[in-house]
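Structures are listed in the sections that come next.
Okay, so chain A shows up in both of these, paired with chain B first and chain C after.
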Partner chain A sequence: MFRALFAIGLLLCIPAACVLDTALSAGPASWAVDQSTFWGTPVSNFVFWIGLAHAGTFFSAILCALSVRWGRRIAFPAEISTVAAIPVAAIFPLVHLGIPLRFYFLFPLGVVRNLYVNAESPLVWDFVAIGAYFALSVIFLALHALSVKRPEFGAYRKPFAWILFPLVLWVHTLVSLDFAVTCQSAWHGAYLPVYFIIGALYSGVALVLILCEVEHRRIRHLEELLLTGSWIILPFWIWEFLCKGVWNPGVLLFGFLFPQFLWIKSVRNTRLARVALAFSAVLAMWMERLHFVMPRPLDWTSVDYGWLVLGAGVFLSLYFGLRLWFQKQNVPVCTPAFSAVDRPAHALPRRSVLFAWCAGFAVTLAWVLWFKWRVPAMPWVRFIPIAFPAIAFVAGLVLSARAFSGLVSRKVLFAVCALLGIVAGVLCAAVYRGGDTLYVEPRAEIASEAVPAEPRDAALLWRTRCAACHGEDGNRNYKFVREFFPLPTEFSAERLDSLGTDSLAKVILDGRNYMSPQRGRISETEAHNLAVYMRFLAGGAK
Partner chain B sequence: MNALVNLLACALAMLPAPFLWQGRLPLPLRGAVLGAALLCFEVFSVLSFGNAEPYALYEMYPLEMFALCLCVSTLLLKRRRAFFAALAQGFWLWVEFFGRLSLSYRNVPFDYLPLALLVAGLAFSPLLNVRRFDARLYFAVFWAGVWIVA
Partner chain C sequence: MDESRRNFVKLMGLLFGGLALGGCRRTELAPGNVATAENADVALWKAEVREAMGRSLPAEDFVPVAVPGARAKFPGEKNRFGMAIDLDLCNHCGECILACMLENNIPRVSADGASKGRYMHWIEMRGGIPVMCSQCGDAPCERVCPTGAAVASPDGPSAMVYSRCIGSRFCAANCPSRTRKFNYEDSRALGLAAKFNPEVPLRERGVMEKCSLCVQRLQNDRLRVRMTGGDWRGKTVQSACSAACPAHAIVFGNWLDPESPLSLAVRGRGVYALKSVAKWDPSVVYLMGKV
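The block that comes next holds the complex of A and B.
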């Protein structure tokens, strides 16, 4: 069964690779994009998969932290599902970037090479939080696997669980802020963090239920949790309707009404019915994410459908690949209880746990102070979302270094840490220095082709060349500007008057600060006409 | 926002608290009770504010009511009262902090006072383990105070 599902996953990866190739080569034009939000199916799939990835930590970390014993019975499949689902989720924002190779601009490095990596943007928060979450989930799974044969590793599970418990909630909260802090009124909602967490846990429960059924294990607590989740999430859907008039009957049908069949004993006792009802909850959450990101129906392309194949293929191959590998290593993935894990040989000293947290806090504080020194305009409160994942990451690394130090001698451990430090340092230096950020296309060639002899209409030029950032009416395109730049300058008649038309034309042609140069794309006369048009807009707009 | 409505909301939020964890209900029914309580708070919020107030003022109002309800309900627990009170206050802090953070991007001023009070409440949660009725009463009054400030 596992081999067959692994093979199906690998087979699905073949069309998925074609889809990925199309998406990367053609860019965002290859999938349906909502013109009012600029976002499309990759973002909705990202939110869906990152929600599924919460299942593992929910069952193993949160239930472990709260000393709920039955959670351990399914901890392994749940943890593997997290490790398999996060890479799937990570594919989508990388594709959505348009230039995936420039992903390193999501590192919160402050001002780098005259570019400001906006640490106030939830996109940067996402990158940090999901990176930390993935790294710690892998370590958590490794510790769990090792604890089966070496009980001393069991002592690290609870301290690690207390790191992952808030982190898992934090991650999905930050995903919700991707929407809540934008200018799109359809996404406004200070309640979104809780709504997203509940949705993520609900879909996660459904996924783990399906995975347990694949393992031929029936966990009644999961069925109860699925029913409970359907009742908890219902008020949020109703709230969306009451506040914004958003109503999706399909989501209500699959996400709330169908799971209610689990109240009926005969249905509950049928394996196929349990799987079908759990799948209906997963489907509802996918539809809900889709509808949330893209409120208006769009014409889907083959790439949009391809994301489904890509998600399923990568997840199945990763999950069942890992599952088979653990089986080969004689790790009992699904057993009634892990006695060694339940009763660790010794508890970890409190001062070790405290030291790990303090180390995380100290490193993060140093980073925050450095960042604030480089970018004084950044408000203190907006460091908090990014600070906690950083603290958790460092604390987790310190704890895991202590755990793995038992496997190797101190000299080897020191050598490995030094090597990792050097590699990390070189990588940071490379990112900090960066490559050639200029386009390699010859400018002169563009100039001869792009600039016509006769000056074009200023209004038309404004709409095609300038409106993406400055807005059609000159009041800035807030969504774009807010995501990419820290402090947009005031666009007013007074300011334009103080600069003068010639100076403005020069700025348009040669660029300044965040304004990119347009020389070679527009002529000097056109730049002058644009400066005059800006005055007209500023006078009319303000 | 009307002070009377705010007061009514506080009373309504506290109303279901004693019944939230009563009896030995199965987990799905417990979930349904919690969902119904949240739904009541939502209906109250919409009826109270509706289109008269800017949406930003009340979009997390039902969740704040729900958090207050959870906090008060922990006072009636017989075991691990302090632990669950800390969790409930953590939930309230979560709702307030991230709600206000997202609102701050829409130029709503970020108010630190309720957050500071909730952090203080978290710090003093172990006092709830003391078997005196006074401690519980003080906490109920404290949460009502936080509600007024928030």
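The block that comes next holds the complex of A and C.
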């Protein structure tokens, strides 16, 4: 069964790769968007998949944190489904970007490499929160898997669950803010975060129910939750209808009416019916997300339909791939309700949990202060959305470092840390270097300006033409330059001497790297005079 | 033996998968030669403007607003450029659209793009009235841009830094007047772009763009005045649409200069703005009737 589903997933990955390739090579033009509807199906699929991921966390972390026993029976499949669904969700926003290779512009590094990140944008919040959520979900799953053979890891589950519990609610709140902060009346409403979270959990419950049926387990609590979910989400749909006139009969049919069949005993006791009803709930939530993101539907292209294949293919292959791998490692994926695994002999000392949270808080505070120092215009209140994911991320890392430090010898630990450091360093270097930030464009001669025959005053020219980047005194205009363009090289008499006036004049006229060419705007004599003036500035700067 | 066969099948599977992936790659379009003002066929651009105007987009709602003034964001700033479109004079001819395209190197769109309404025109005729970016003083698009590509400039235009744009289209989703245009097509490769104006870069695929208030004209004038050492108020600058308007319905100028043609033109007139952006302090307004 697992193998068959894994194979199906892999097979679906082939058309999915074609869809992805079409989408990336043709850009956003390949799916249904136009000049008034800019967010299309990738955004709705993203919201849908990140919602599915949340249910995994709900059943593992939230139920674990609240010590609900029956949650343990399905915690493992649920955690795997989270780890499988987040990468699927992450594909969509990346594809959605007009220039996907520039995604690293979103790293909230303040103004490192003179890139300015607007941390007021919900997109940046999303990026940070989902990154932290994914990393912590993977660690949580790893801790769970390890605790089967090493019961001491079980002690970390509950503190970790308490990190993930608020984080998962936070993440989906941020996703809803992507919409709620805009000026579009169709996306307004203070109820949006709750609506999104309820919708996510509802679709996620349905998914976990299906996954449990695949494991040949029937958990009646899930059926009850599914029914409850359908009644909780109904008021939101009624509210949307009353406030905004949103009317989706399909969503009501699949999302509310069909699940009501679970009330009937004979239907409830049929395995196939349970799966079908859960699937109808998943489908309804998918449709609901589509309508929400694109209230005015456009004609779909093959790529729009292809997202379905992409999502299903990647999720199936990741989920069942991981599932099979754990089976191979002799990890019992379906743990019985009362296993020793979930009842560690001794809980983690409260002190170390507190230390992890404090470390998270301290690191985040330092980062916020640093960011505020670099970008004073950033309002304090706007730091809150990213601050919590950052705290959770650091706290989780500290906890897991403590957990894994017991696993390996000191030497191995050192090697792992060194390796991680190197990877982090390379990543930082890559971000710092960045891609090409200038247009590759044949530099057309600009002959629009009449250059006077008489050379103009070099100092005046410098202040007019050069000072915007290089500064009036040659000492760089940080205010302008650091927001995007790499800083011009620093002035020093030695450096200028080594270059020579003629080559400097040539750079001024023809440009170099980020220096834009000035030919056509200033004459050759003037360029020469400017080079001399630069020398004067460099000497004066000493 | 069994083990090796298994490995062989795995290896072949991987190879097949890799080849399939490789086979799916599309060949890149060869970059076409970009036409310039000398050899571009302006008739094509004219035809596209006519085509776009034939769509008869629904009219916008207008509400009366106060005359735009200084912005709290930039205290002490002497200039705030903007425009006023006199709806009593406008004869809905669409010359402004064409002039704007030629000034700002706005590309045409393919037949497919046209059928999906993906025109790049910075000015659109909505109900026969030219509508462009209102250059809001407190622009919603600037707040949500994750990379600061949509950013307020002290001179008035809500600027767009193309090289910072990653194409998240958040700004456009948050633009109440829907006047931002996204480069869906690689117009250069498709041969749909022309460099009429060497001072304006061609935009690449995946970048957002919009009315820039002809920032290149402002910049040139600023540099010219600075070289003579004067106080720059942008008196002689005119946007391309304003210069091209046969009815002189579009007035360009400096809101903070009481002698600018703009300040003179709004005197005693009813000042209106698009209802959708009225609360964001727009710099581009509409004139109707007298008060």
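In the analysis below, the second predicted complex is superposed on the first by the 423 of 542 C-alpha atoms of A that agree within 3 Å, B and C clash if a C-alpha of one lies under 4 Å from a C-alpha of the other, contacts with A are read in each partner's own complex, and residues count from 1 in each chain.
Here, contacts are C-beta pairs under 8 Å (C-beta built on N, C-alpha and C of every residue); 3 or more make two chains touch, one makes a residue touch a chain.
Because the structure is predicted, anything quoted here is derived from the model rather than measured.
Contacts of A:Gly311 after superposition: neither chain B nor chain C is touched. Legend: residue contacts after superposition of the two complexes on their common chain; A:Thr228 is shown touching chain B, with no touch to chain C. After overlaying the two complexes on the shared chain, residue contacts for A:Leu97 are found with chain C alone; chain B is out of touch. With both structures placed on the common chain, the touch criterion links A:Leu106 to chain C but leaves chain B unconnected. Of the two partner chains placed by the overlay, only chain B lies in contact with A:His188; chain C stays clear of it.
Shared-chain residue A:Cys243: touches chain B; no touch with chain C. A count of residues in chain A touched by chain B and by chain C gives the higher number to C. When both complexes are overlaid on chain A, the residue A:Leu177 reaches chain B alone and has no touch with chain C.
Shared interface residues of chain A, touching chain B in one complex and chain C in the other, are 181-182. Residues of chain A that touch chain C in their complex: 14, 17-18, 21-22, 25-29, 33-36, 38-39, 96-99, 102-103, 105-106, 115-118, 120-124, 127, 178, 181-184, 298-299, 437-439, 441-442, 444-449, 456, 460-461, 463-465, 483-484.
Looking at the complex, you find that chain C touches chain A at residues 17, 20-21, 24-26, 28, 34, 36, 112-113, 116-119, 140, 143-148, 161-170, 172-176, 178, 180-186, 195, 198-199, 201-202, 204-208, 220, 223-224, 226-227, 229. Within the complex, the chain A residues that touch chain B are 169, 173, 176-177, 180-182, 188-194, 221, 224-225, 227-232, 234-235, 238-239, 242-243, 262-263, 381-382, 384-385, 482. Residues 26-28, 30-32, 34-35, 38-39, 42-43, 46, 55-56, 59-60, 62-63, 94-95, 97-106, 110 of chain B touch chain A in their complex.
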